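Both complexes below contain chain A, partnered by chain B and then by chain C.
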Partner chain A sequence: MVAPWARSQAGARLFGIASLVAAIALIESLIRVGVINRFIVPLPSQIIAALPRIISEENVLHRFWQTTQELLWASLLLAVVGIALGALLYRFRILRLACETWVGALAAAPIVLAYPLFLVLFGRSATTIVAIGFAAGLAPVILKTVEGLAATRHVLINVGRSFRLSPAQQFWKILLPSALPSVFVGLRLGLIFAMINIVGVEFLINFGGLGQLINELAERYDLPGTYGAICFVILTSIVFFDVTQRLERWLTPAA
Partner chain B sequence: MDSAPLLDVQNITKRFQTADGVTTAVDGMSFSVAAGEFVSIIGPSGCGKSTVFNIIGGLVGDYEGRVSVAGDVVAGTHPAIGMVFQEESTFPWRNVLENVAFPLEIADVAKQERLEQAAHFVSMVGLRGFERHFPAELSGGMRQRVALARTLASKPKLLLMDEPFAALDEQTRLLLGDKVLQIQQALKQTTLLITHNLTEAVQLSDRVLVMTYRPGRLKRVVDIDLPHPRNSEVVSSDAFGHCVAQIWQDLREEASRGIQEDESRVLHAGAKR
Partner chain C sequence: MSAVSAAPTVRQVTVLRIVIIAVVLAIWEAVSASGLLFRDVVPSLVAIGKSIGGLLAGAEFYGNLGITATEIGIGLLIGGVSGLAIGIALGANRFLSHAYEALIYYLGPTPKIIFFPVMIMWFGVGTGSKIAMGVVSCFFPIAISAASGMRQIDRVLIRVGRSFRATTWQMVTTIYLPAMRQPIVNGVRLGLGVAVIGTLLAETKLSNRGIGYLIIQAYARFDMPRMYALLIVLFVVAIAANALIGRLGRPRHP
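Right, the complex of A and B next:
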């Protein structure tokens, strides 16, 4: 039986925070008793203590903003191009039959390994990072858009036909709103892939935001600083997740 | 009642290509519906009722014969025909008021005006107070009333309904029938209802057209001489029982034939395997 406090939203949040604190405390004690090697994983208390230092000395807020900007651009491209391509594949069945398997394969491809190609195309710049993030996140957005559009109940399409909607009106007024929950699942998956690849490429080419900082701190063997910078990557991820959730709630108030 | 037919259906035949060859779903059906009249088409499951609905609504093409509404030949969906579907068809992402305002939005009616008109139709189907609710928060009967209000908001000359209450329980169905009758009488709305429910057909209609089982042909036309205005209390009257018995006679034959043919089809399919 679930306690009443746990059923409330605030209770659930409190439980989440308490679980996190408990996990951190467990790791801290495992390191202190020597189960985990402290030369591989620093003490969580050391990581927390390193945060003010990396904020003031390593300009982490600026780097956080750089990574966020790259992710923003990649997200924008993902939303515009991914949804448009998904709609195209839905609209033209032959195109869908020809390409869907390839798009699925793209989702599994380790695109980050193609970073030399992107470097040749776009140079050692933020454009390369955004392009890789975009390419890595594209497949789930396309696939979930197609899935959402194809799952639109036929009767809703017939309602549109009975009101003599134009093809454009059918898309904007019926198909897209009906597909939105699935589209947002795709966008969130795409954002995860984009985020991993953006930070990975920043690390690999030693350029840009948090990935570059992690690279530099790791090179200096500053483990608390490295893990502290990783915490900022997680923060970026949380911010983007929260934003997409709010956007979804705003666009699909009935969900 | 105006005697000029608003809907004129002439000799429609629809064939479908199936794995077993060509199947004739509807065969040479002709009938008309006068302005202000409430007509039901009743027949056993699989007799082609929904095909007739789709042909008149312009959702299915490639048929023989002619359908005209208010003098216009129907080729595709027609602005004079408003359709209410059997399946739940409200838009889940729009609240009740926005659902009902949908056809007005498509017609580019100014926002304030369309919301006022939509509120009028919401109130007409008895959903005042639920304007801001989303379909997921409503019962099946309430959702069908939203779909009905949305269609009425498009001000159709002919209201075409395909078993709109099929998924509802009997009590709700009877009470919604009252609501439909009230609206039909208030708006003098010409209505064609497709149904397999005998009580519903007799309760609501001025005339009932009985269809044969596959291929769907017009078997009989029964005039329902029950007094107006009506409500669901009419179902307990002797006259109502007489009408039901009269139609059931024909319907029983067709429904039995349908069951037998379905059984023999299944047996044949099993023997082939």
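Right, the complex of A and C next:
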């Protein structure tokens, strides 16, 4: 028989958190008794203690802002270029038939691996990071925009025609509002891809914000600092993921 | 603005594709010959073609491809099996799902390459850390897909299995896995994609063999035609592997 607390969702979540804390406590004791080498895995208590040091000494807030700026630029490019290209593919059916599979292939291509090429083109700079973030997130925005526009109900398009709307009015007043739920799904996916790649490339080229912080701390062999910085980046990604998810739900109530 | 034109024929689409490719290649060649960019940043198509030929004709490429493929394969196997097991457990048990699925769901979209310094400390600078990167990368999409696929299984099938008193192993092999084929294939597709990225990025960061190492060596020597050649071959292989797995997942009609 299952205990009543275990049947409730909150009880299960509490159990999940408690078991996670227990696992961390177990790791702490295994390190203290010498089963796990403390020169490979630092004490969880040391990692927690390192967090305020990282925040104050390593300029985390400034680095966070740098990464955010790169992400904002990539997002802007994604929204403008991605939606425009999606609309273009929708407008010219022959272009869509010719290119949609290519865009799908682009989504499957490991674009971030071309980062040395971007380094040659744009140098070791924020432009390289933004360009990779943009390239990595472009395909879902285009595909979802086309999908959303193509799913517009014919009744709405006919209403627009009966009011003799110009092609531009038809797009801004009927097609785009109707496609918004799908466009936001594409933008959210694109933003997540962009964020993953931006932090990843910062780490790889040792430039920029949060990704560079992990690389620097690892090169200094500051173990608690490295683990702490990784935890901070994970936390940031989780918050970003959650915020975009909530934003999508808020902006697309009909979806 | 609406797509109301008559449906284009296959021939028209093919012609347009050829025109687009020809225009892109012509622009590329023109930029290469113009000298607008730094020398060799945009090498001529002939130089890239020669480099692809040289790459595919030499043994060095295949040796390194074998190493990378082995790392990815082992990573996908470990990450895939563990992701599948965890996914099935989460999908089958509502309590476990409420307790742990959010953790996997939220950790999934984090940039995995940041774990590389930790993997180096745990598994060394050799093949082990690259395999570990593959495992960490592909575990999450496969676990999430398996958990979601598990919940989509027709309850009737599960009841039939139970009424026959099937063991857990029999339930997994004869009911769960065949019924979850499509979500599992989708998960493996996603998993393969991120495992390729995780492993190769790790090779570019710290390695002395593998395709990632060849790419970063070409960058360090500023051998741009070779870098383009490596990236083109790699993209073709990655897209082909993705398409192949996707084809395996399509339902077979008699």
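One rule holds in what follows: the second predicted complex is superposed on the first by the 177 of 255 C-alpha atoms of A that agree within 3 Å, B and C clash if a C-alpha of one lies under 4 Å from a C-alpha of the other, contacts with A are read in each partner's own complex, and residues count from 1 in each chain.
The rule we apply is simple: contacts are C-beta pairs under 8 Å (C-beta built on N, C-alpha and C of every residue); 3 or more make two chains touch, one makes a residue touch a chain.
Note that the coordinates shown come from a computational prediction; the quantities given were computed from them, not determined experimentally.
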Touching partner for A:196 - first (chain B), second (chain C), both, neither: second
Which of chain B and chain C A:75 touches, first, second, both or neither: neither
Touching partner for A:112 - first (chain B), second (chain C), both, neither: second
Which superposed partner A:178 touches (first chain B, second chain C, both, neither): first
Touched chain A residues, chain B compared with chain C: C
First (chain B), second (chain C), both or neither touched by A:94: second
First, second, both or neither for A:168, with chain B first and chain C second: second
On chain A, the residue positions that both chain B and chain C contact, one per complex: none
Residue ranges of chain B in contact with chain A within the complex: 57-59, 77, 79, 81-83, 85, 87-89, 91-95, 102-103, 106, 134-136, 151, 154
Touch list for chain C against partner chain A, complex: 1-3, 5, 7-8, 12-13, 16-17, 20, 41, 94-100, 102-103, 106-107, 109-118, 120-122, 193, 196-197, 200-201, 204-205, 212, 215-216, 218-219, 222, 224, 227-228, 231, 234-235, 238-239, 242-243
Complex interface listing, chain A residues touching chain C: 2, 6-7, 9, 12-13, 15-16, 19-20, 40-41, 87, 90-99, 105, 108-110, 112-117, 119-121, 150, 157, 167-168, 170-171, 175, 192, 195-197, 199-200, 203-204, 211, 214-215, 218, 223, 226-227, 230, 233-234, 237-238, 241-242
Residues of chain A defined as touching chain B within the complex: 153, 155-156, 158-159, 161-165, 169, 173-174, 177-178, 180, 252-255
